[in-house]
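Right after this note come the structures.
In what follows, chain A forms one complex with chain B and a second complex with chain C.
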Partner chain A sequence: MNMLLRTSPLRRVLLTALAALLVLIASQVLDPFRNFQFATIAAYLCATAGLTVLTGLNGQLSLGHGALMASGAYSVALIQDAFGGRRLAAGWILVVTLLGALAVGVAAGAVIGLAAARLQGPHLAGLTLGVAVIVPSLATTFDALFGGEQGLPVQAAQPPLALGATFPYERWQVWLAWTITLPTILLLTNLVHSRLGRDMRAVRDHEVAASLSGIDVARTRVVTFTVSAGCAALGGALLAVLTQVASPGSYPLTLSVFLLMAVVIGGLDSLTGAIWGALLLVALPDLAQSVTGLFSFPPGEAQRWEGNLPTAAFGLMLITVMAVAPTGVSGLQRRVVRAAADRWRARRPNPGAETP
Partner chain B sequence: MDSSGLMLEGVGLRFGGLTALSDVSLRVPPGQVVGVIGPNGAGKSTLFNVICGLLRPDTGRLLMDGRALRRLRPHQLTRLGVARTLQDVGLFDGLSVLENVMAGATNRARAGFASALFGLPRSGRDERRLRDHAREVLDELGLSGFADASPPSLPYAIRQRVALARALAARPRLLLLDEPAGGLGPEDIDKLSTLIQDLPRRADHPCSVLLVEHHMDLVMGVCDEVVVLNFGRVLITGTPDQVGDDPRVAEAYLGTTVEAAA
Partner chain C sequence: MLLERFVFLTLDGLARGTAYAAFALALVLIWRAARVVNFAQGAMAVACVYVAHSVTAATGSYWAGFGAAVASGLVLGAAVDFCVMRLAAGTASHLNSVIIALGLVLIIQAVLGIAYGNEYLPTPAPFDRTAITVGEFVLLSPFDLFVIGTVAAAVAALAWLFGRTPVGLRMRAGAFAPEVSRLLGVNVGGMLTLGWALAAGLGAIAGMLVVPTELALHPHAMDLVFVASFTAAVIGGLDSPPGVVVGGLAVGLTLSYVSGYLGGDLSPLATLLLLLAVLLVRPEGLITRAKVRRV
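Then we have the complex of A and B:
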């Protein structure tokens, strides 16, 4: 039974249900602002999870995931627009817009993935960097379609009336965002633990040996990029729904870089790292604000500190992680858990019939 | 004419002005171990890369059991019953030993993307089948104890053996071994030699072997037939004894022809 639980998809479904319960509890406890932040973590998590699969498991470097998030966000705005002024409260419109954003991301990912299948390392980084540079400038250049610097408005997703007229809006945002993100993570985990996940890692480790083992290297790369881009677009779409805007300013080149830094700090070799990464992306600016709040700066200076401290802290963290713990926060976490488990087992005289 | 096994007919390949292979013909019949030897730069590795589809020949044909291997891509090779080991071992360092061997059996995986994504039972069954089979191969090669180990933590001889297990996991009818004795001590070479000789005779999924090797004792000990390459051409083909006695072979190795080439 233990073995069955350890490896089966059933265990993952149970874990996801447990996570959903925790989200539900958290959404009751947190104040509205924290709830909003909690919801944005879900949006970023889609993107960081996709990037972890791409970079960590498949070894493809992408500097363009911020732009892929933008493609999801703009898709939401444009599809909503196509539905005319209809209220988004009609739940199915929201589902259609998110699916549409996912489809756009998947298509973009397939195109970039096909172009990237024969590229490696710096060349692939160059290609995706190009995408990250082009997308925001496309948005500002074709301002009739994309709304220029202002971007496009996105309708808020109102809580369904069934929840009562006084249901807190931010709590609904949390529910909505995590309802999308948790199943996404579940599916990604399935994929990572399947043959395809093994193929991805084999291709990352030794391309020639992978192809001689019967793995279609190019196909594996394209599929991984497509999946990863779909996740990023879905994350961008969620973020647009949460912030009610799709603008070039929300998806600058630095977002792509931050996403990559976040997954590296979080830990590239597991999806747990992606959770740490998403948490960091949302929490860091906030932490910086609290830190600068501790000092009594004049208003102008405080603003400058708040603006730059997160970036600096992020950079410092990356350097520290690279130097001290290359497996990232999730690697550290694994080591701590393992040490604790060892100690616990050592205390019990008979560990029983359990085998690792 | 019997055309089973691997056949090369008049294979030629040029890199710019350099002739890497010229009119190479050879055959690896089922149940046999064939060795390819020759001095450095004779074209042994190039020959392997042509057979694997890593390089395309300019002229000539390759046939596996009478089927022409045209426009072959490397990952299709195992489906045709051909597996290959690499000179640099080339294990997947981020995968466990068991996973490495499972990866070698990819040609027999059935479940596709959707069943993997949704964690359907079909995908789980498929993985269990591959895992069971990988364990069998590890057993056969005496590697069961290393199943959960990470390759970089293992000694070279064991890693070499894991690479062999990975290739055998594909259940090939022909196994290409690229300098398997490189870096091994005498004791491990003896074990390897027994292993190679057993491959065509084993009860389940016997396979013939094409072996590129520098280690003369190994080649002479295990091969039914030896092909000597020199400057990209087949110098002679014969039994180990015939090849060992041929003065042209010694000449090629001792380099009296080097002046002519230079």
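Then we have the complex of A and C:
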């Protein structure tokens, strides 16, 4: 039974169910503002998980995932607008818009991925950086379509009436976001452990060896990029639904860099790192705000510190992580767990095993 | 009328392209020395321009500011190599140096944001920016001439340094065969730091030349310039200084024609499409020596 749990997808399904239970409990306990933040963690988690698969497992660096999130967000706004005249049940519009955003992300990912498959490290980084710098500016270039700096409004997803008229809106946001994110993560975990996942790692570790053993390197890279971009767009779509707006200001170059930083700090080599990363993305600005709250700055100065302190902290943490613990938080966590397990085993020597 | 406009756009594009070329050349310097694309270069250059802004505000002299920018570029480049980039030197992964550079971008932009605020600061140009007209033709402005002259002087100085001086020879040797050079008594680490300093100094000069022609001074002022210059560097295969100069001019001309004939709004998109086109057609560079791909 233990063996079965360890290897089979059953374990992942059980873990996901456990996570769902935790989300359910947390949504009851947290206050509305924390619930909203908890929901945004789910949105960011989609993007960071996709990026972890791309960068950590396939070795392709993308600085453009913020822009891909933006494509998801704008898709939601535009599709909602297209449905605006028709009387369609709100729930269905939500499903259709999210699927639409996913499709747009997948298409964008396929295009960038096709280019990326031919490129080496710094070239790919440069190309995706270009995407991240330029995509937000398109909102003002084509402002008739994308609404310029203000962006486009997105309708809120109201809780269904079946839950009762007084059901807290923020709790519904949490349920909604995690209902999308948890299955996505489950799918990604299965993917990572599948044949395709092994191909991805083989391509990352040694392209020539991978192609010698019959792996289609270019195809693997394009597929990985497509999957990753789809996740990012889904995350962006969720974020747009949660914040009720799709604007260029929400998806600047800094967000793209933040996403990469988050997965690096979280740990590139497993999806656990993506969870830490998403947590960090939401918690750090909050933390910076309370830190600046401790000092009494004049109002203008306080705003400067609030806006820039998280960025500086992110940069510092990133360089520190690269220097001290390149495996990130999840690597540290694994090391701590392993050390604890070793100590536990040492205290209760197993009679069957030889102790060194 | 058509011809006059074309001449104006061409000259304007060439002037812009020279500044891009200088910035791209700084990228190439570091790439040749350390096999790292310095993604923090835009942020570093902006930091130097901010230093110049402060010095100019304090002393009232543009040239004191210019000197301060170059000096702070040299110091910043050396510091970045010495304190930060060495961390990535031990690891084989390309990703690490890129990620560290991005961390640096965040820190620099955040520090600038805290110190100066995220408002746009005006940056006056030292020379008149209205173009000289000869007959029907609108030609370059005095500032454009200053840009071209400065870049030409900087490039000539670098060419002399690398081609004719013992230090330049050591720098090339250190990049070409680090272990053999070390055996022969070259301080390879020191040469690398010097390379970073020179590149950041050149980047600072490019920043001083570009920022007055863009919107204004802002922590993100060089983001787009970085993409354009990266395109120029890729055209030169990241490796060839003459190729980069040609690449910079080509990018400048393209952007000038696009914004002149199709609308200024489209020039960021054009930059991206140009980069995509170059990378799809010849990722190893349009103008570059044939080279063996390392596996």
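Here is the rule we use: the second predicted complex is superposed on the first by the 345 of 356 C-alpha atoms of A that agree within 3 Å, B and C clash if a C-alpha of one lies under 4 Å from a C-alpha of the other, contacts with A are read in each partner's own complex, and residues count from 1 in each chain.
One rule holds in what follows: a contact is a pair of C-beta atoms (placed from the backbone, for glycine too) under 8 Å apart; a residue touches a chain by one contact, two chains touch by 3 or more.
Since this is a predicted model, take the numbers as computed values, not measurements.
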Touched partner set for A:223, first chain B, second chain C, both or neither: first
Touched partner set for A:208, first chain B, second chain C, both or neither: both
Chain B versus chain C as contact partner of A:9, first or second or both or neither: first
Chain B versus chain C as contact partner of A:253, first or second or both or neither: second
Dominant contact partner of chain A by residue count, chain C or chain B: C
Touched partner set for A:286, first chain B, second chain C, both or neither: neither
Chain A residues contacted in one complex by chain B, in the other by chain C: 208
Of chain B, residues touching chain A in the complex: 52, 54, 73-79, 83-84, 86, 90-95, 99, 102-107, 109, 111, 113, 116-120, 123-124, 126-127, 130, 148, 166-167, 170
Residue numbers on chain A that touch chain C, as the complex places them: 55, 59, 61, 63, 115, 118-123, 125-127, 129-131, 133-134, 137-138, 140-141, 208, 253-254, 257, 260-261, 264, 300, 304-305, 307-309, 311-312, 314-316, 318-319, 322-323, 326
Interfacial residue positions of chain A with respect to chain B in the complex: 7-9, 12-13, 187, 190-191, 194-199, 201-202, 204-206, 208-217, 223, 269, 356
Chain A contact footprint on chain C (complex, rising order): 31, 36-37, 39, 84, 87-88, 91, 94-96, 98-100, 102-111, 113-114, 117-118, 220, 223-224, 226-227, 230-231, 234, 238, 265-266, 268-269, 271-272, 275-276, 279-280, 283, 295
